[in-house]
Amino acid sequence: MTVNFALLGAGRIGKVHAKAIAGNADARLVAVSDAFAEAAQTVADTYGCAVRGIEDVEADKSIDAVVICTPTDTHADLIERFARAGKAVFCEKPVDLNLARVKQCLGVVKETGAVLMVGFNRRFDPHFAAVRAAIDEGRIGPAEMVQITSRDPGPPPVSYIKSSGGILRDMTIHDFDMARFLLGEEPDTIFATASVLVDPAIGEAGDFDSVSVILTTASGRQCSISNSRRATYGYDQRIEVLGAEGAVAAENQRPVSIEIANAQGFTRPPLHDFFMTRYTEAYAAEIASFIAAIVEGKPASPSGEDGLRALALADAALLSVKEGRAIKLSEVL
Amino acid sequence: MTVNFALLGAGRIGKVHAKAIAGNADARLVAVSDAFAEAAQTVADTYGCAVRGIEDVEADKSIDAVVICTPTDTHADLIERFARAGKAVFCEKPVDLNLARVKQCLGVVKETGAVLMVGFNRRFDPHFAAVRAAIDEGRIGPAEMVQITSRDPGPPPVSYIKSSGGILRDMTIHDFDMARFLLGEEPDTIFATASVLVDPAIGEAGDFDSVSVILTTASGRQCSISNSRRATYGYDQRIEVLGAEGAVAAENQRPVSIEIANAQGFTRPPLHDFFMTRYTEAYAAEIASFIAAIVEGKPASPSGEDGLRALALADAALLSVKEGRAIKLSEVL
Amino acid sequence: MTVNFALLGAGRIGKVHAKAIAGNADARLVAVSDAFAEAAQTVADTYGCAVRGIEDVEADKSIDAVVICTPTDTHADLIERFARAGKAVFCEKPVDLNLARVKQCLGVVKETGAVLMVGFNRRFDPHFAAVRAAIDEGRIGPAEMVQITSRDPGPPPVSYIKSSGGILRDMTIHDFDMARFLLGEEPDTIFATASVLVDPAIGEAGDFDSVSVILTTASGRQCSISNSRRATYGYDQRIEVLGAEGAVAAENQRPVSIEIANAQGFTRPPLHDFFMTRYTEAYAAEIASFIAAIVEGKPASPSGEDGLRALALADAALLSVKEGRAIKLSEVL
Amino acid sequence: MTVNFALLGAGRIGKVHAKAIAGNADARLVAVSDAFAEAAQTVADTYGCAVRGIEDVEADKSIDAVVICTPTDTHADLIERFARAGKAVFCEKPVDLNLARVKQCLGVVKETGAVLMVGFNRRFDPHFAAVRAAIDEGRIGPAEMVQITSRDPGPPPVSYIKSSGGILRDMTIHDFDMARFLLGEEPDTIFATASVLVDPAIGEAGDFDSVSVILTTASGRQCSISNSRRATYGYDQRIEVLGAEGAVAAENQRPVSIEIANAQGFTRPPLHDFFMTRYTEAYAAEIASFIAAIVEGKPASPSGEDGLRALALADAALLSVKEGRAIKLSEVL
């Protein structure tokens, strides 16, 4: 079976998925849709597919799956619409910034029985996936303490900040998903602290740029998350897990790994410049996993529920920052 | 000037200091005192000094300095006694497990004008000292986020746990001092979570074995601490600091640094087995710093105040664990 | 301009180039030819191109370039034939195993003025290319001592050995090219020693499996090469260059870079399993460079002359092994 | 038993040994002798021993062992003299720069039955010793290819060069011993190339500053050595061994192992500045091994024969440089 795809949203991340679909032997990109005709045309020219309107895609029975890369506030509507149209749906995170809306949307998806996968790409990074595999294989015993360091090279424009839902829902949400992916038990309590150290304009926009979080599970497992919107040395993405019998860690990645030595010392180049280059392999593996779920008729993962839980952790974290206390996830979910 | 030393307490850590004194060109170990005559005699035989009683040492005008390595509950009394006797005092941490008693003791020391140094050995580790130097030299800009990972190879006997004051006052206290050493600003708020994952007997003794902490300063700087009483791969001691212009990290140390490669992968040996081997250089540098303070008539550092503040953070952390909220240091200090 | 390609030879390495051509925006794979119809058809199906005979390709004026991945003993004939047909020619190394035949072939190419590029893929590895760039940027001063370690995971079948021209012409030849790429001066003297340590059958076939080489240039620069047909830990590919002002090194690459720690130590996974996975990026960059040379009308590099010189070094090395003395390159070239 | 030591030669390396003896519980430094009274007095003051003449030491029955750190041209005479006087002798390498003289000296030692140990300190480096242990434990199978990289931070004064016997007898000789230590089989053939790349004055003095060597054993095992008198990044001392079942390597050591990251990359400090700091632990372990041999009445290792063989390799290497051919060790030994 070859899965026929339509791409909704031909911006930066949309192009990444278009390339992944084009390079996958089991899939074909047949249509692209975007409010900006030019963006859609560029993708259409590169991959030899048609520019189509949303309605056309919805009505076309030959299209099996859609990839939603449109602005966040359109996600939930589009998920519902295409789930109802009988298509498999891949949606970039988040489903929505409002927890109630997410629940409502997932309800619709459930009714339709549609395949829904949420884009937490990092689960598909080969290094992070190998960390999880090491745990699953019992190589470190039960996971007990997870440490996640996740830092952007530099802050986004304040305009982006304003529509992002804030750092906890925009950036830390990836780490919340990673924590759930690795802890082996649902976090039920969260404490977060957040401050503005990088750019006062971020604070004026009501957001933070530096975050520390502690998650705990019912049995006492712990996860620490450290975020910053600025790391001058590149896109800093590390995880490590301490288990009862050992530990496993995934170190940073860089595009070129030479080392130059002189009287000043031994110097390796900076890390990847951002997620597009850092997670190239992850994006391809993510779409491959979505395609495999469709072809094999299996549940897609991460699921809508995964999207919901990560967002709930973000909401709880924000409440914790405001109230200076540990929040039970049950207070928000 | 050669500084004449008496060693009070000839146990494990006492022997480390005896060796450091004996190897220092500006110092001489002239006396050793211990409730166990045999322990004192061993040190006396090795370094050619006299076994003496506490009163003798106190009365001997030729003795310039004492190193207190006796049980914790004797520290404050001995500090007061030898400060009053006009001797420079080096005391293993902590001054006392009770904050009020520490304050009282420091008051006595202040009255006498005696030199008092508290044994936070890690400040003298060449790698951690180099981290601090890199910050002081402006190589990473102002420190903003500190991450401290500190894990013992295995849990101590429960008997030790019972007299230790608990993991926060016994183990995390070193990390509190390191946080203060590196943050460049006093932490004023603390959140801690603690659980029992390693050994139920530790929980039965009223203590924890796994701890995560977040410290924050008035300007929003953050420090994360991760502790466990068990790391199967050795004594895990790492720090890293993110600054506005870069980052600096001190990695783990191992006694032998070969790498063996075969079909299973590339393997380096485990880390040091514990603090005695990991911090060998630190202990020697610590005593050298104490001697230099005496010889040059300068303030010794870390001071009694440093000991007090680290203990206050431990007390605040314990309160945080109990109440599930962030604690202002001013609530306990 | 889009460059139309025909692929000659649809085996393992042919498929690598087919993928690189298909993924390059400036190129199109229009034809594939192979003595085994099935192999050709597989490539044709995957990339949507036609299966054609050699004569057809030769006669088709719309085909701009050919990639020769056929058996070694057909290379020189095909190069001459397609150079005469006015096509740009990319040929896997070597041009031929016989030095005189290579010279003759290059003479024909020169007459026709055709573009010829020889497939020394390692020059295009991003890490090795960065080593060269560091030298060119003056970051280590003039290169003085080059060390190349190149080891296969395991020996090839003896049948392969027999038609390979021997380890020096088959395997070390890549390192000879790398030495020339990095030394900044032509090697003019060579000493080699070779032995059979891995598999006696290799010795019975008249070849070696373990090689050490020293190259020197007129000014005294030196290069050491270490080869083995067996490295249980994966495909070992490292270079380092000592210059007057510093050094630069490219370390090994692995598909997954996690580290697992336990009581036995800290273990990272083995290296890539062989050149197909290790040099994925290099193969794509190599073809991109060939296409760029065609499009921009510039000389292709590595050139036929580069192929000739690397082979001459291999011949000189073999003579050195036989005679136990340093050989001047002028003795064979 | 406590071994009473006399130190002959109180220069730089003499002081290293004095410290090692003083710190060893089974030894006592009782006398020091040096042509420069002041140098002897400094050691005497530091370690509380007597300044004595050579004759006095020779005649003193209470002195069990001597450590010879005098100029090279006095070594053989002193070894013979003190062997005849019934003392255990530790001598810094080399025994002599003349192979015939070494043989003669070893003959005398044999007659007297004296304990003689030659100072190849690197065998006692914990990292290199661990490499050897890994081989002995069968962790990589039989050693097949050894690579030794050994580079000084900068060239010595030309005055030193002139009395050194040349780089092959002065510097590479350590690597010859290491090759023998690791190959598991005597090298019987050697090829060497040498050039002047660092300082023309070294060439004018008849010596070289850059050396590459290949050693081979009867069964075909190979060892490459790379030497330079200049490495701007510090004292570069690495070994790696490829075996039939794996490989083992000892990486470089640095006094401080922090890493600083910024927009220019990730930088670790330079290596140790020279052998005195790099091999601190090795020197202590070396003397401890000598003392243990005396106390336990066992053969000391490395022996005089080890010194002889390393020198013979150096002589053969020099002949190889001159004649441009591989030299059989039997041609010089």
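Going in written order, the chains are labelled A, B, C and D, and every chain counts its residues from 1.
The rule is short, and it goes like this: a residue touches a chain if its C-beta (ideal position, glycine included) is under 8 Å from a C-beta of that chain, and two chains touch if they have at least 3 such contacts.
Predicted model only: the values in this text are computed from it and were never measured.
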Selected pair, greater C-beta contact count between A-C and C-D: C-D
Chain of greatest Cα-centre distance to chain A: D
Chain A and chain C: spacing of chain centres that average the CA atoms, whole Å: 40
Multi-partner residues of chain C (at least 2 other chains): 231-233, 245-247, 261-263, 269
Residue ranges of chain B in contact with chain A within the complex: 144-145, 147, 149, 151, 189, 191, 193, 195-198, 210, 212, 214, 216, 219-222, 224, 226, 228, 230-233, 236, 242, 244-247, 324-326
Residues of chain B defined as touching chain D within the complex: 23, 25, 46, 126-127, 130-131, 134, 139-140, 245-251, 253, 255-263, 269
Touching residues on chain B, where the partner in the complex is chain C: 231-233, 261-270
